[in-house]
Amino acid sequence: MNAVVAETGTTDFSKHRNHAATAPAFLSVHDIHAYYGESYIVQGISFNVHEGEILALLGRNGAGKTSTLRTLARLSNPTLTHGEIWLDHKPLHTMPSHEAARGGLILVPEDRRIIPGLTVEENLQLAQIVEPIGWSIERLYELFPRLGERRQQEGVTLSGGEQQMLSIARALARDIKVLLLDEPYEGLAPVIVDEIEKTLAIIKAQGITTILVEQNAVRALNLADRAVILDTGTVVFDGTAKEVLDNKELREEYLAI
Amino acid sequence: MLGLQKKDFALLMFVAALTAFAPFLLNPFPVDSALAQFNAGYPDLMQRFVIFGIFAVGFNILFGLTGYLSFGHAAFLGVGSYAAIWSMKLMTMNVIPAIILAVIVAGLFSLFVGWISLRRSGIYFSILTLAFAQMSFALAYSVLTPITGGETGLQPKVADPRIFDAALGDGELPAANLFGLTMKSSYELNIGGWLFTFNAGYYVAAIVMLLAFYMAIRIFRSPFGMMLRAIKTNQTRMNYTGLNPKPYTLAAFVISGMYAGLAGGLMVAMDTQVGPERMFWTASGEVVLMTILGGAGTLIGPVLGAGMIKYMENIISKINEGVLYEWFAFLPESLQDLLVTIIYPFIGKGWHLTLGIVFMLVVIFLPGGLLEGGERIRNMLSRKKKADPGKDPEHHPKPSPHVA
Amino acid sequence: MGILEVKNVNKRFGGLQALGDVNLSVAENSVHAIIGPNGAGKSTLLNVLVGKLVPDTGTVTFDGNSVLGRTPFQINQMGISRVFQTPEIFGDLTVMENMLIPCFAKRDGSFRMHAIESIASEHAIIERAEEMLTEVNMIDKREMHGASLSRGDKRRLEMAMCLVQEPRLLLLDEPTAGMSRADTNNTIELLKEIHTKRNITMAIIEHDMHVVFSLAQRITVLAQGTPLVEDIPENIKGHPKVKEAYLGEAA
Amino acid sequence: FTNEPTGSTVTLGFNVPQSGPYADEGADELRAFQLAVEHLNGGGDGGMLNTFSSKALQGSGIMGKKVEFVSGDTQTKSDAARASARSMIEKDGAVMISGGSSSGVAVAVQALCQEAGVIFMAGLTHANDTTGKDRKANGFRHFFNSYMSGAALAPVLKNAYGADRKAYYLTADYNWGYTTEQAVRESTEAVGWETVNNVLTPLTQTDFSSYIAPVLQSDADVLVLVHYGGNMVNSLTNAVQFGLRDRMVNGKQFEIVVPLYSELMARGAGENVKGIFGSQNWDWKLENQLGSRYIGTNAFVRSFGEKYGFPPSQAAHTCYVQTLLYADAVERAGSFNPCAVVEALEGFEFDGLGNGPTLYRADDHQCFKDVVVVKGKENPESEFDLVEIVEVTPAEQVTYAPDHPQFAGGDLGTCNPGA
Amino acid sequence: MEAILLQILNGLDKGSAYALIALGLTLIFGTLGVVNFAHGALFMIGAFCAVIFSRILSLSTVTEDPTRKDFLGNPLKIETPYVESWFGPELGSVLINWSVPLSIILAIPVMILVGLAMERGLIKYFYKRPHADQILVTFGLAIVLQEIIKYFFGANPIPTPAPDVFAGSFDFGALIGLEAGQIIYPYWRLVYFAFAAAIIAAVFSFLQFTTFGMVVRAGMADRETVGLLGINIDKRFTIMFAIAAVVAGLAGVMYTPINSPNYHMGMDFLVLSFVVVVVGGMGSLPGAVLAGFLLGILESFASMAQVLSVVPGINQIIIYLVAIVILLTRPRGLMGRKGVMEE
């Protein structure tokens, strides 16, 4: 890893990694490696998240953020070949995705994944089929009135922003311990982004742990407690959000801000 | 060379060499040995290998590239056959006009069927083509008997007009020929215990196959071929790039229909008889299976698939109990009986069982077909771990979502 | 008279008025942004412009010719290209092949039966594609399959595919969504450069105000299917109605 | 000539359906072929070699050469059958091809043998065309045909059901169906029956209800099912389901007729076949019931039954006999040359092969012999005893002129010995 | 008039067979997204359950009767079914007589087992594979199953009659006040129709009134996301598969008295059932049922002599002709959903 950084001629930030080994973590990711077929994408990532924390997972396009989240959610692609993931003393690395989800780890995927053929309401109902269940559908409609208005419309015909709301609402419909958000603001009008940000605050207030992937790093860092920065499938920084905001070099090198 | 990239030219030469030396390669066992049963180097089967190779290569231009799965391609083969036999009955026993007519008629028919069927995609398209083929079969079997000979089919008769041919000598039968060289004529070479047959018809068919294969390579490497693959991947983007997918798919459909017609015409040239059952849905299904078995979207895969299925059909089905006993003659009798009892269900009348098992084993263990599987095994042996991004995309067919 | 004229366009989906009496004029060689809340009808309007949807009433003309009733590929041949909200590329094809296809479409029109020519010998076209890939910084990914690109890369590729056709009007539906800051900045530069160098008219739908205000010369704000205001960027920023309906505190 | 046997063995090709609906028929044919080869080579009890009127065969192979055979699968498709036959000729060096289970296949393979210059001894094929418009010099048929079925059945039917009958035909929509329907219709009309209707049914049909139902509305009082195999099993089952056999029309009991019978069909149709008339080429009970005119029958049934455990079908019989006839012809001709064999078989009169005195007519290579009229047995004693012999129609009554209109348009050509 | 009525009855009956098979097929095909060429084989296995069951019932003790002789002159073997010796000849023969409907109790567990084994052992590995691979593997499986049956039961049809009570036919015409003797209809076909209706209703309500159906549909559209919501979709797919297998199997069991089963009956029905499913529209269960009945009735009409004399050969092609016309006028068949198997 050091070699990679050295090659690109940048400062070595690895000294910032990582307090994980010491603090008792709620979600602990230990040296995970994952492949898409034969391409090696997640190349040994470790970090810890504490209960109730918001962790910003940053990095440029193709750094492996989405791949990391998918690995955590135990989707079959990319395939985890090595490493451990512990959530609240449960070994997620041994579970398929539906069990991880039942354990309280919910991914809001980057392309929203609204299910074709189902109405808005059915998309939400689907999330409440197996225990444990989170917010009621009515409460979700209160949070996103737009969805309430369109409850009988087929989910995939919603506008881009509406779909994003539905995707987040669907996650909240489950009882969450850790919420993984992959670019939740994408395609949303600024007013709505504000709304969602408020929602995230509500979520945080409920003690839900969140991992947030976001291109608008400043926005994310303002919200987050801690940040992890990835590059080519490895962790290049792990520290507090403030550290990133204060470190100009780091910001320019990996976040272009 | 020949407008091909080096690798493709090498492939073409490889196939050319294989076909040229097929009489040797397919007859590895001496005539009198117990394993002679496995020899496939006799004219009929060699002809079938190349003819069905053509059929599958053509089918693959449609299916492998565009992803449109036609379940009625046998109809074009059948129509081509009927055209060829009528050319022989009415004009001349020379195979050239017969084959040309077969290609033209099959092309026209596929233009008609494709023009209608391509209004739909996916499974809807598949069923439309199936419906046309089944109707062709049913009509040829019954109502169109005056043109098709019904179930019995058509054969050249001594009394046929054959306006361009000289009258037959006494007792002479009309024989398919290429300017006098009859398709049946063979030269036999006896070396030691081996017998090799060089058949005129086979070499005519092989040359046609090489031409067809060469054309297929050109199409695969052409902008047109790339457009067809683009259709398979994303028609929306295709449209918004200013391209009209319809004529491309239709052209691919007609080209593959003409390949089928060519195969049908050659079948008649090699064996002057046509029956309607070669248009039945199972015949259409067979070419689908050949293509998938070998590897859809690859150049040589469909030829391998065709060879595999025809080999099983013609060789395994002919092994009977007697042959089995002959093989195991060297064993003690009880062991003999045991082995025969075990193997017996899989040979002779059980050849379908073997075929079914082979289908399953191939898809389960060699996803992507024989070719891809072969490559995989080669990679495994040479311990090449990391995927090489520079690999030829044709040899890595991606899952094809446009299929029904 | 703009190069693109939208007059009185209405579109309903069942009970929902997705577009109501939309009038829009995009001046030649300008960059025109369309912004508005989610579900305002921006993508619907775009779909009308490219022939994917037929409006219930109204007219749309491009360079004086009606685009209504034409298929997407005909509209593209008129010189309109489109970048999608979720990237539409050829997933099974390599990046290079993805680029070659629009190049051929540009040269040969909507259909040509070049069945036995070899791609490898089309040097001019290959060069053109390579140039464009270099321009969008993707030349080192030329042999990757479209499907295995990260999303930011997919979007860049799609944009390159549109640009290589040198359209007269480029429609962009959230071109920088999902792009990292760095790439967003690059994209803004790229679009600016293209605009000035090649004189391409652009209509952009975007939620990232940084992008909108860096590029747009005129902005139309759409809300609930109808244009709320249309003005130059400076005036939009401070517009109270726009602030309330769309920008929020961000402005 | 083609595939002249040079070594100590001679190879015969047995081309039977091993897959598809006629696979069981094919299996039985193959059993018979194996038995014939055994007997020719001097094995077993000799079977019909002992009763055959010609004594040329000694149980020492054919012309001293040990008989070997190859088998293949016709799939009941002409393409597959020809491919299989060609492989026997080209790869295995077969000098004679026999077998088959349908007229389409027989015609296709017969033409192939003619071109290739080998002898074709047809197995199961019943359509007129095999020895009618598609006859070939190198091909021979022992089995009877559509015309003979009609000619044999008509008088029996008239006796049983009267001369004043109205018949409705359901005919399988292919070649054999056409010739058989025509034959039965012409013969029954000649005894005074009237034909109400003829409806063609697709070969691929499985449920015949929509063809049976309209029979109810017609004033027909006889239904003739010109179906074979699975078609016949299904159409007969359906007809019985629709209560046709319990029906009275024009004051007469409604009747069903199936022109061509086989043991396997009877087994498939089960109860429904009881009392239904049809015709057969041969039946294993012939000699027991009708005496020594049909000598050979018991000899064959014994060797077959002892080897396989059940009595042979008519398909097995005809294939066995064809093999013997070929071998005998070669012996008598003193050559494997197809032209010599043709000469030896043409006009050959023989006896002792189970059908009584038989003639291989030179004009069309069709055998002329008695035809067995049977009907489904009411109380079968075993699963092999499903039909009872009603009558045997003597050969003279079923003989026709070579240029009979039902057989017109054919030309044997000349024998082809091949290269 | 009578003729038309009768053909409608016939069509309904043929239609119920088509509908039942298509229903099972579309459950797997339209909802799970698997092109199952082995579906016909499931139908065939169901039919052979009836054969096997009646064979079991008629397992016999063999005694020799020296007074009678078999064809070789040996003493004739007399077989007495065990059930007759156990339950007495009366009840025993009643049981044998009722073997077809009774074999449902054998068929249900067998079909569930076959379905489970097939899905767990094979199909589940193919959900993500291209349709082409699914075709090849299921076609291979169909051949294998078929050949196994052929190995044990031969190629000849095996008569499996309905219970005597249902053996006859009744005068439907007289029942509705038309001339007697004109519309005769077999009892068993009526039973089949009623049975099909019941099965269809059961399957529909199962999928309509439970969330199960919704989950399965969702899982078919996007397995990954459904998994992300904590749902074990594999388990549900397995159940669906078993249900489809049972539907196909029962369709086969009850069909045996109509046409004697043989080893290739599955293949005979396969193509037709694909046509029915597609004409009905992919992903639509009501569509499949509707198309089944529609094609059944049209086929019946086309085989009337009056029709045939006007358009000879129409009976051979009617189904395909209608399929083409419907697919050209309605892009997704009668009731197909957008996007299902359209690519």
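Note that the chains are named A, B, C, D and E in the order they appear, and that numbering of residues resets to 1 at the start of each chain.
The rule we apply is simple: a contact is a pair of C-beta atoms (placed from the backbone, for glycine too) under 8 Å apart; a residue touches a chain by one contact, two chains touch by 3 or more.
Nothing here was measured: the structure is a model prediction, and the numbers come from that model.
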- Task: Find out how few touching-chain steps suffice to connect subunit C with subunit E.
- Result: 2
- Item | If a chain touches subunit B and subunit D alike, it appears here | E
- Task: Report the chain whose mean Cα position is at the greatest distance from that of subunit C.
- Result: D
- Using CA atom averages as chain centres, what separation in Å is found between subunit A and subunit C? 29
- If you average the CA atoms of subunit B and of subunit E, how far apart do the two points sit, in angstrom? 34
- Find the geometric centre of each of subunit A and subunit E from their Cα atoms only, then give the gap between the two centres in Å, rounded to an integer. 49
- Note on the structure: Distance in whole angstrom between the CA centres of subunit A and subunit D is 77
- For subunit D, residues contacting two or more additional chains: 19, 23, 27, 173, 200, 202, 204
- Two or more other chains are touched by the subunit A residues 39
- Complex interface listing, subunit B residues touching subunit D: 39, 42-45, 48, 138, 141-142, 150-153, 155, 157-159, 170-171, 173, 175, 184-185, 197, 267, 271-273, 275, 277-278, 313-314, 317-318, 320, 322, 348-349, 351-352
- For the complex, which residues does subunit B have touching subunit C? 3-5, 215, 218-219, 221-227, 229-230, 232-234, 236-244, 247-248, 251, 255, 389-390, 393, 398
- Report the residues of subunit A in contact with subunit C in the complex, numbered from low to high. 36, 39, 59-62, 66, 110-111, 146, 157-162, 164-165, 183, 186-194, 215-217, 255-257
- Note on the structure: Residue set of subunit E touching subunit D in the complex reads 2-3, 6-7, 9-11, 13-14, 17, 68, 70-72, 76-77, 150, 154-159, 161, 167-169, 181-186, 188-189, 258-260, 262, 264-265, 268-269, 299-301, 303-305, 308, 312-313, 315-316
- Can you name the residues of subunit E that touch subunit A in the complex? 211, 214-215, 217-218, 221-222, 224-233, 283, 337, 339
